[in-house]
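Have a look at this one.
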Amino acid sequence: MIRQYLVEGSYLAASVLFILGLKSLTRPEQARRGIQQAMIGMLLAVVGTLLHQEIVRYEWILAGLALGTAIGYPLGMFVPMTAMPQRIAISHMFGALAATLVGIVEFSQHGAHLSAGAMAAVGFEVLFGSLTITGSFMAFGKLQELITGKPITFRGQNAVNMTLFAVTLGLFVYLIFNPGATGLFYLMIALALVIGVTMVLPIGGADMPVVVSLLNSYAGLASSATGFAIGNNVLIICGALDGASGFLLSILMSKAMNRSFSNVLFGAFGSGPAAGAAKKSAEGLTVRSTTVEDAAMQLAYARSVIVVPGYGLAVAQAQHQVRELAELIEKKGGEVKYAIHPVAGRMPGHMNVLLAEANVPYDRLYDMDEINGEFERADVALVIGANDVVNPAARNDPSSPIHGMPILNVDQAKNVIVMKRGMSPGFAGIENELFYNEKTSMLFGDAKSSLSKLVTEVKNV
Amino acid sequence: MIRQYLVEGSYLAASVLFILGLKSLTRPEQARRGIQQAMIGMLLAVVGTLLHQEIVRYEWILAGLALGTAIGYPLGMFVPMTAMPQRIAISHMFGALAATLVGIVEFSQHGAHLSAGAMAAVGFEVLFGSLTITGSFMAFGKLQELITGKPITFRGQNAVNMTLFAVTLGLFVYLIFNPGATGLFYLMIALALVIGVTMVLPIGGADMPVVVSLLNSYAGLASSATGFAIGNNVLIICGALDGASGFLLSILMSKAMNRSFSNVLFGAFGSGPAAGAAKKSAEGLTVRSTTVEDAAMQLAYARSVIVVPGYGLAVAQAQHQVRELAELIEKKGGEVKYAIHPVAGRMPGHMNVLLAEANVPYDRLYDMDEINGEFERADVALVIGANDVVNPAARNDPSSPIHGMPILNVDQAKNVIVMKRGMSPGFAGIENELFYNEKTSMLFGDAKSSLSKLVTEVKNV
Amino acid sequence: MSAIGLIQIYVFVLAGFVGYQVITRVPPLLHTPLMSATNAISGISLVGSLVAAGSDHGRMSTILGFIAVVAATINVVGGFLITDRMLKMFKGAAKPAASSQGVKQ
Amino acid sequence: MSAIGLIQIYVFVLAGFVGYQVITRVPPLLHTPLMSATNAISGISLVGSLVAAGSDHGRMSTILGFIAVVAATINVVGGFLITDRMLKMFKGAAKPAASSQGVKQ
């Protein structure tokens, strides 16, 4: 009896600490402490569980904890920030795997004796769990470029997918009323695993972040279902938190990209069709390229510089060089601000972590809405590896695939310097007028090496 | 079985609709629809309950609903906005009464068979319920001026209160383990009723709003306890919402008054002691009083006027005249804004409802933080029945009882016109330097009649 | 305390969080309607009162239940009516016409 | 569905509200740490996995439970470590000295 109180008390405390932990993320100064509280919550919940009366043998538990820690530690400590998208994708796979396996154990223990409600919970759990396992793994593969990032489509794909989906759903409903049909249960799992694959196949690698967030919310729902199945509230709560987070972030990304969910999931975007239009507006326009020396002069004498980082900064891993350059400019008397577009990079908050890693204080980072009015007063806008998020076509060209997406008003600055390696398009695969603007000078080359050279030059000015 | 689903389903729907209803209050445009949804939620819950299998006779129920509606309708439709504080106080009494009676019924039915947990819930319910009944009634009496608003104190009061409290608490704990002690149960209720009275007696009438909010949260806790006792989640949820609301509003008021909770509850403030200091800073200073004609000239030619309403506006019921005057000034080409201090009046949001009643659009109402920077650019600050909330002593005089309370920066306006009946102090019972400021002219008289005269004069300018 | 009692604590704690977050975001403008709205919602104790008044557990239960129904109904009816009455009064920039007209003169 | 099943729905719905309200207030600055934090917290499925791995319900349960423990532990350990690592990097105006010094030159 006392033991049960302890177990339940630890779960309640954990739930509260988790909520407070996430709440702390609303304020950067408190975030770290809040997450540490959440860790304590997790510890409490684990210790509480070990008191559970059903647990009789500890050797497998200890082995599992040890192995998990051995794998989790490097994943936590050594994965570089640039690999965060794939890192997160793969971790959803682990979460979903745990939920699915717990569901299978539950089913194999009670099988035919499960009530309709319990069977619905278990079924839901393994269904969402399984498709998240393979879906996340596919997303990981695309992001890590183990699989081609191109959408993979074949004729009749939609018909196949719909059939698969309908059959699986049918099995789920049948099992609720006939929980004894063990074979069908495993068939349902197998089909759900296949759905996870076919669901992600036709989506382009660049759309993966939205998919990953959506899978996050599926993993959350699977956790909640586990909670319903084994009667555990902390699981229900965490699942709901997780589900809400994944869902809201994927909505946020879709919105900032000005696309609908269904367009992301079924659009096979970011590849073929758009590429056709790529060269369309470039005709008859010329690009002005500049040298490191000229760019250094401009920056050294600028009173106000706005840095616009993009995905290319992450690719080049040039965050430290940016900070160095900014400090130099400040030494010369200029003011440097960073303009962060909500979908710059490849995941929400990508540029923020990247620059934080290089010790850029976060009060120098400005959200799009805060800084857009300041471009017209800026002497230089320094665009580093950003492309789509500064493309004026989003404002001007109704036929552009990104039309309507809010962008940073870089073209209003007095001068624009763009650093990229060549003229290749960004994520959306479209041409960018900004590069042909008469205010713009292009500094071609890898962002990291260009920035290092700029630092040396500015020092000498 | 189906019936039980319907009942529970209606409760779940009601809970969600209540939460959404309160959430809608975060946005004025949606508020009305949200509250109408909450009404639907209430209807659902009531209809759902009538399906409950324990209910076998409907005549008392119908009689109760009819009588309650007959009393509630006028309380809802005809109580003037100025009487809102007492209106709200008395309604907490009704809420607590219902909770307490349900607790008594529960106890009388199960009595000695209640488990410790259930008894704790029932005990908590009647304890908080009872003290809220009498406490709210006392607060109502003080606000309605049926009882003197002065703190009523007697020697040994604290000792008596503490003893009462300790005995009641002792009974509560004893009952948890001996739920069969029926006599003690009713004794506990009787003592809790007495505590409600003695708790409120020593608190000044002007501090009642804080007390009322606190009683609101007690009533909420009593509801939640009812939910625990009869196993009803919608009660638990509503109780928690209610409790949170009452608690947060009382904190907000205390903060805006720059006082601690314990100071409000045990301070016997707003009466004797402060009044002694009343005349202290007034010596050697003179008041400049003005005429309606002069004030009308000033207002008619002002480019920018900030109206500062206070409790006196509510007393005088002059909200319609204010709006009329403001419209006239606007016709003459001036701009009129309203500066709303968080504790102007006698309850949170008091000035807002008052002005809304007179059809002043709410985007003309500015919170203190929004408008404080604008006073220095205002030609005239028109202070109507406000006193403490514009008292510079809060900034300048560390010995003042309101020192540290944030105030409206009326003294930074180019001219200040103060409308009040005489030189009597406001709620805090202290002198106000602002009235002796050389920029200030006093327009003595009841706010309503002064404003009417001003309207006539301004028309003629 | 039973398993159900335990889960009820979760419900209470979570509802407290929701309440805290919702209420802290209500602007001062609507604090008075907020007070009367929570008041109306607190009339949900009607649910418990109805069962007490309608079930067959002796005369005392019925009478106490009846009084409880009356009290709770007063809060529901009065609370919702007054809240709606207040919210009806809150208007956004309803008359920009009137004032801009004024400026033009 | 039992009475407990019903209450669990309340827990889920309320937790969803809490989640919605908390997450919508997280600033874009911390969206990446948010993703990894929810990831770490989702490792709570460890709780179910531990029971599966440690109870005596046959070899298959134990092995599946073991794998589940490993998977969930990876998320807990990896997730919390990486979140903390990220949050450690976020600094407020740490070097106003350096920059104002620059302006003075």
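Think of it as A, B, C and D in the order they're written, each chain with its own count starting at 1.
Heads up, the rule we're going with is that a residue touches a chain if its C-beta (ideal position, glycine included) is under 8 Å from a C-beta of that chain, and two chains touch if they have at least 3 such contacts.
Just so it is clear, the model here is predicted, and its values are computed rather than measured.
A.B. asks: Which chain pair is joined by more contacting C-beta pairs, A-C or B-C?
C.D. replies: B-C
A.B. asks: Which chain's C-alpha centroid is most distant from that of chain C?
C.D. replies: A
A.B. asks: Round to the nearest whole Å and give the separation of the Cα centres of chain B and chain C.
C.D. replies: 15
A.B. asks: Starting from the mean Cα coordinates of chain C and chain D, work out the distance between those two points in Å.
C.D. replies: 35
A.B. asks: Find the geometric centre of each of chain B and chain D from their Cα atoms only, then give the gap between the two centres in Å, rounded to an integer.
C.D. replies: Distance between chain centres: 40 Å.
A.B. asks: Where does chain D touch two or more other chains at once, residue-wise?
C.D. replies: 3-4, 7-8, 10-11, 14-15, 17-18, 22
A.B. asks: Considering chain B alone, which of its residues make contact with at least two other chains?
C.D. replies: 19, 231, 233, 237
A.B. asks: List the residues on chain D that touch chain B in their complex, please.
C.D. replies: 3, 6-7, 9-10, 13-14, 17
A.B. asks: Which residues of chain D touch chain C in their complex?
C.D. replies: 3-4, 7-8, 10-11, 14-15, 17-18, 21-22
A.B. asks: Touching chain C in the complex: which residues of chain B?
C.D. replies: Going by the criterion above, the answer is residues 11, 14, 18-19, 21-23, 25-26, 28-29, 31-32, 35-36, 38-39, 42, 45-46, 49-50, 52, 54-58, 60-61, 63-65, 67-69, 71-73, 75-77, 79, 81, 84, 87-88, 91-92, 94-95, 97-99, 101-102, 104-106, 108-109, 115-117, 213, 216, 219-220, 223-224, 226-228, 230-246, 248-249, 327, 330-333, 340, 342, 347-350, 352-353, 356-357, 359, 361-363, 365, 367.
A.B. asks: Could you please specify the touching residues of chain C with respect to chain B in the complex?
C.D. replies: Per the stated touch rule, the residues are 1-2, 4-5, 8, 11-12, 15-16, 18-20, 22-58, 60-62, 64-95, 98-99, 101-103, 105.
A.B. asks: Show me the residue ranges of chain A that touch chain C in the complex, using the header's touch definition.
C.D. replies: Against chain C, the touching part of chain A is residues 8, 12, 15-16, 19, 231, 233, 237.
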